[in-house]
Amino acid sequence: MNFASDNHYGASAQILAALAGIGQSPQAAYGDDDVTKRVKALFCEIFEREVAVFPVINGTTANALALATLVPPHGAVLCHAEAHIAVDECGAPEFFTHGAKLVPIEGDGAKLTVAALTAALAHFQKGFVHHAQPAAISLTQATELGTVYTPAEISAISAVARANDMKLHMDGARFANALVGLGCTPAELTWKCGVDVLSFGATKNGALAAEAVIFFMPKDARDFEYRRKKSGHLLSKMRFVSAQLEAYLADGHWLDNARRANLLAQRLAQGLAQVRHIEIAHPVSANAVFARMPSELAARLRRGGAKFYDWGAPSDGQVLARLMLSFATPEEDVARLIETARAG
Amino acid sequence: MNFASDNHYGASAQILAALAGIGQSPQAAYGDDDVTKRVKALFCEIFEREVAVFPVINGTTANALALATLVPPHGAVLCHAEAHIAVDECGAPEFFTHGAKLVPIEGDGAKLTVAALTAALAHFQKGFVHHAQPAAISLTQATELGTVYTPAEISAISAVARANDMKLHMDGARFANALVGLGCTPAELTWKCGVDVLSFGATKNGALAAEAVIFFMPKDARDFEYRRKKSGHLLSKMRFVSAQLEAYLADGHWLDNARRANLLAQRLAQGLAQVRHIEIAHPVSANAVFARMPSELAARLRRGGAKFYDWGAPSDGQVLARLMLSFATPEEDVARLIETARAG
Amino acid sequence: MNFASDNHYGASAQILAALAGIGQSPQAAYGDDDVTKRVKALFCEIFEREVAVFPVINGTTANALALATLVPPHGAVLCHAEAHIAVDECGAPEFFTHGAKLVPIEGDGAKLTVAALTAALAHFQKGFVHHAQPAAISLTQATELGTVYTPAEISAISAVARANDMKLHMDGARFANALVGLGCTPAELTWKCGVDVLSFGATKNGALAAEAVIFFMPKDARDFEYRRKKSGHLLSKMRFVSAQLEAYLADGHWLDNARRANLLAQRLAQGLAQVRHIEIAHPVSANAVFARMPSELAARLRRGGAKFYDWGAPSDGQVLARLMLSFATPEEDVARLIETARAG
Amino acid sequence: MNFASDNHYGASAQILAALAGIGQSPQAAYGDDDVTKRVKALFCEIFEREVAVFPVINGTTANALALATLVPPHGAVLCHAEAHIAVDECGAPEFFTHGAKLVPIEGDGAKLTVAALTAALAHFQKGFVHHAQPAAISLTQATELGTVYTPAEISAISAVARANDMKLHMDGARFANALVGLGCTPAELTWKCGVDVLSFGATKNGALAAEAVIFFMPKDARDFEYRRKKSGHLLSKMRFVSAQLEAYLADGHWLDNARRANLLAQRLAQGLAQVRHIEIAHPVSANAVFARMPSELAARLRRGGAKFYDWGAPSDGQVLARLMLSFATPEEDVARLIETARAG
């Protein structure tokens, strides 16, 4: 019963088969291969416009390279205080941007609001050489708490970005889960509501190690390729990353995987919500369930074989358990966890 | 007939099978998995001592992280002027080290000599705050020109490093080819002759994207893990990199692959050496053949379907063709290239 | 009537005379001169122990170099959200540390507390490679709001630092003002209560451009000299910086200057406190007065010739005026400002 | 008899008087003061065009900031192998540029030639992501060996820069000496022959700590101000730097100082050239004399009280003595050195 992280699961059969299909025959290196070309075309199709596409191996890299391309060393990135870029990347954005500043902002459900962004921006004076210069807003979709931003919310945040000459970045490590949860199109959830650059995740949703940085205005990509090379993220056999993305996007595989994970999350949340002493802490809009429960109940679940993380320290004898569902979580694990909880 | 690069070939069947074997079942993320543990043990066995092992995805990253761990921002790295780190990594070592200086040194066959190193070191005054401080020597094994360093040569270079409080790094993108070419053990070719840290390559010799940084004194590894994380090179599903390394090392697969490539290189060199107007420019000690030939002969080979790079600009109507052999180069391609050359 | 900043005033006659006294005769460059040696000895005397001393030209540099020496690129620095290093240095600490993270912490009077530090530290897991690693606490003495830390308060913060293997940095841009305000010795206010490194300010209190970084454990200084050189802060004619410090420390000049500024601050605060509608917002412990007043009153003061900054945006028709006093503020300016305020 | 460096001498009386003249009265900080404004206007006048002017404290900083403004982290700077930026700045250009690469090029008299630059550029493929991208050429005027570039030579180098989309930087730590030596105008020696940015030196020629970065196309300066602030080089009391520059430029003081130093260099060279066993190694075009002499003669000069550096290691019993003349070298020291040499 592994609910610790969606990145604990391996890779889907379709994606592994795609790798095997490449075999050992030669192709041009460093992304000048046919698979990578096809993947780029696929993304243009999916997003319904010309986009600049750069495959990379993971989300930290996608985020850090995207931000470094848009934010100068004297810049600042506004993000939620719980954002992965702020908390879980050991300063990768600072490294790639050569020292830009991340400005952590509080907000319910790990979500940025226009009000909170506006208040934060009031501390920075534009063109004042002593202040880091706000250059980007970064939001996570779905968020670290399994909530989502609606297109309308993103549009409103985008308006703040525009008004302050900032770019809007979306950390989409769980973009598919958000998309499926919201029921809109990739275009509606990104450039149509003002997103400039997307870290498009695949690893957590079925790939081995594959994400893509998508610039919706290709000229924004500027010197991305040099940054990717310099940071060791231009692979010689790039087609093995691209092949993961191709299989991921083919036949709606990515959406199927996300739908499955989201559905299990709904089922788990509904089951747990009916257990005495358990409270679901955040709206379940993607593939994460946050359940507040007594410490002893959490301990019992673990004794019963469940793996999951506590979110923050216990408080008043309660823990906030984070339960992640993935494309490959066995259905019976969900049923068994609910049962174990009930059996208290 | 692809002789352009050993990194143009895909991945071996054994290595692809290892990935498929992992499947989708869950495991701890970020390298705390069983495969990664087994690989670390394997490397200790192969090198006959306790070593610190860090899987990464490619050689640029292995080199840059190894150097950044050993060289401070005010340090200098002495290397050959044709070294991959100096020429082909777009400044990755400078990025990872936060600005250390690479000192390019000339030498025949892309090899460093004690004399050349000593002459270069004379330009730096130890403890003189105006000078970058030499902190490491980096040599490539096999070199960019397909030559190799003998253990005795490495020992002599290591003595220079020791005498100047410097560390010795080996870029082993083609370590297996050198090993097989020299007929010695991994230990004899590294720590027994004074190598401190090795970029152990697998990608060019059959893997998709897998190398390992090996510190022979584990305490030298210091803050390597933070640097790997910050640069986006700690993969969540690390076992997919480790599995490549495990399959690579199993049953002598790595040595078989290298032996095959080296053998084809010998065969190609011998065949071409007998063609009028072709001269083999460097000793063929690994899997590269450098053949000097008239430009029109090179053009004819290309018209015949051969892919390869010229090394440097043409001079006096001659080009220096670099012909790379790999674990997967078809034998018939070698025969056909020789035949095409002869048919002039 | 310039109350805008203590750095708006020029340099004291004693300090300017010291520069003139050096003249044009030759001396060894880069700090190997007699003046610099004397200054180092003076600091050892003043702090009653062997200290490592490095003259620099300003506070931003002193702070950034001190932190970069103690904090690795994957480290974090805990500081107040209003700290100069966090707000007013355009990311200099991030630049010099190669990307370390500043963690802004809220607290009354621009002061850090043990409780707030402990709460912030709870978000970082030691040795967890995904988290930046807290490596230093930085406090400002006197603070950006003109308040001060008592030795007891510093000791308590130092205990937090020790318990978490962190170093304690003091930004002493206004160290003399704090010292005079608290009436203790330099030793009592620094290493005796656990400060590891001090940015010792002189510029705001009478020098042209001179500060010193003081390490109380000389071995902590490690590679400071290389960092200072690489960042362009090792001056060839260093004795012109050292001479400022020598004159500053001679005959209690630094304490006299600070006493004068603090006394004027007391006088101004007492005068304004008696004006209707004016409220003194923070304890006046050094050379700053923060006075909350109606916007129209502030406007009137400005029309009367007073220069000062508002601290933050107006709120409810009130502004928070920051009034800085310096070693050279004319006494009559203080009297005139109070009078102008009263004349409303 | 100090011939060790022109930076060993102090500051001229005129420049020290200018500092005293500023006194303690208040002015706007960070360069928004009247002196700085006047200095900017002066530079426009002297260079006969609108230029962007940024005072800084020394040459390392001027060079590093100028290059960082023009060269991206993945860029390369071509310079002579003996250039100060390559040899004597402990990697400052690499630090400020965030890791750009300096490409050292050999050439007689520490001078770059079109042929050598062209040969070096042949190693870099434009737009090839694996190669650092040449972005600037840096030449030193006068050079580290006391030679100078004529306007015609600079024009030719500038044409190479233009043809390769590179910028041309001039390290003018001894710009005044070169100017006086060549007898041309500041405009003729810079933008009229294609220089884009100049590190304008004053420290070695009479100031305490003052240089200026001059961009001849003001828009090239881009984010210079943020870089200066982030690196700690924006002084609060900037007018004390500007005042040095103002006095330096007033009434031809800078040219008088340089003329004096150059004249003494001529006199010294002529005197030594007539001494048996002494050979003048490079044309004496500025304020440096390089004299090859037997080691025992050099030792005798030192015993006689002369201070100077050997340039490189002794060879065949000969040393290459570098003898620097300054605005303040006593005339009698020159006479005495010649006499001491003759007395052998």
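Letters are used for the chains, namely A, B, C and D, taken in the order the chains are written, and counting of residues starts over at 1 for each.
The rule is short, and it goes like this: a residue touches a chain if its C-beta (ideal position, glycine included) is under 8 Å from a C-beta of that chain, and two chains touch if they have at least 3 such contacts.
This is a predicted model, so every value here is computed, not measured.
Between the contact lists of subunit A and subunit D, the overlap consists of B, C. Taking the CA centroid of subunit C as reference, the farthest chain centroid is that of B.
Chain centres here are Cα averages; for subunit A and subunit B they lie 34 Å apart. Per-chain CA centroids place subunit A at a distance of 41 Å from subunit C. Residue positions of subunit B touching 2 or more other chains, listed in rising order: 73-74, 89-91, 95, 98-99, 129-130, 226, 229-230, 234. Taken in their complex, subunit A has these residues touching subunit C: 73-74, 87-91, 94-95, 97-102, 104, 122-123, 129-132, 313. Within the complex formed with subunit C, the subunit D residues making contact are 2, 4-5, 7-13, 16-17, 19-20, 22-29, 56-58, 60-61, 64-65, 89-92, 95-96, 203-204, 206, 208-209, 226, 229-237, 239-241, 327-328.
Taken in their complex, subunit B has these residues touching subunit C: 30, 72-74, 98-99, 129-130, 133, 223, 225-230, 234.
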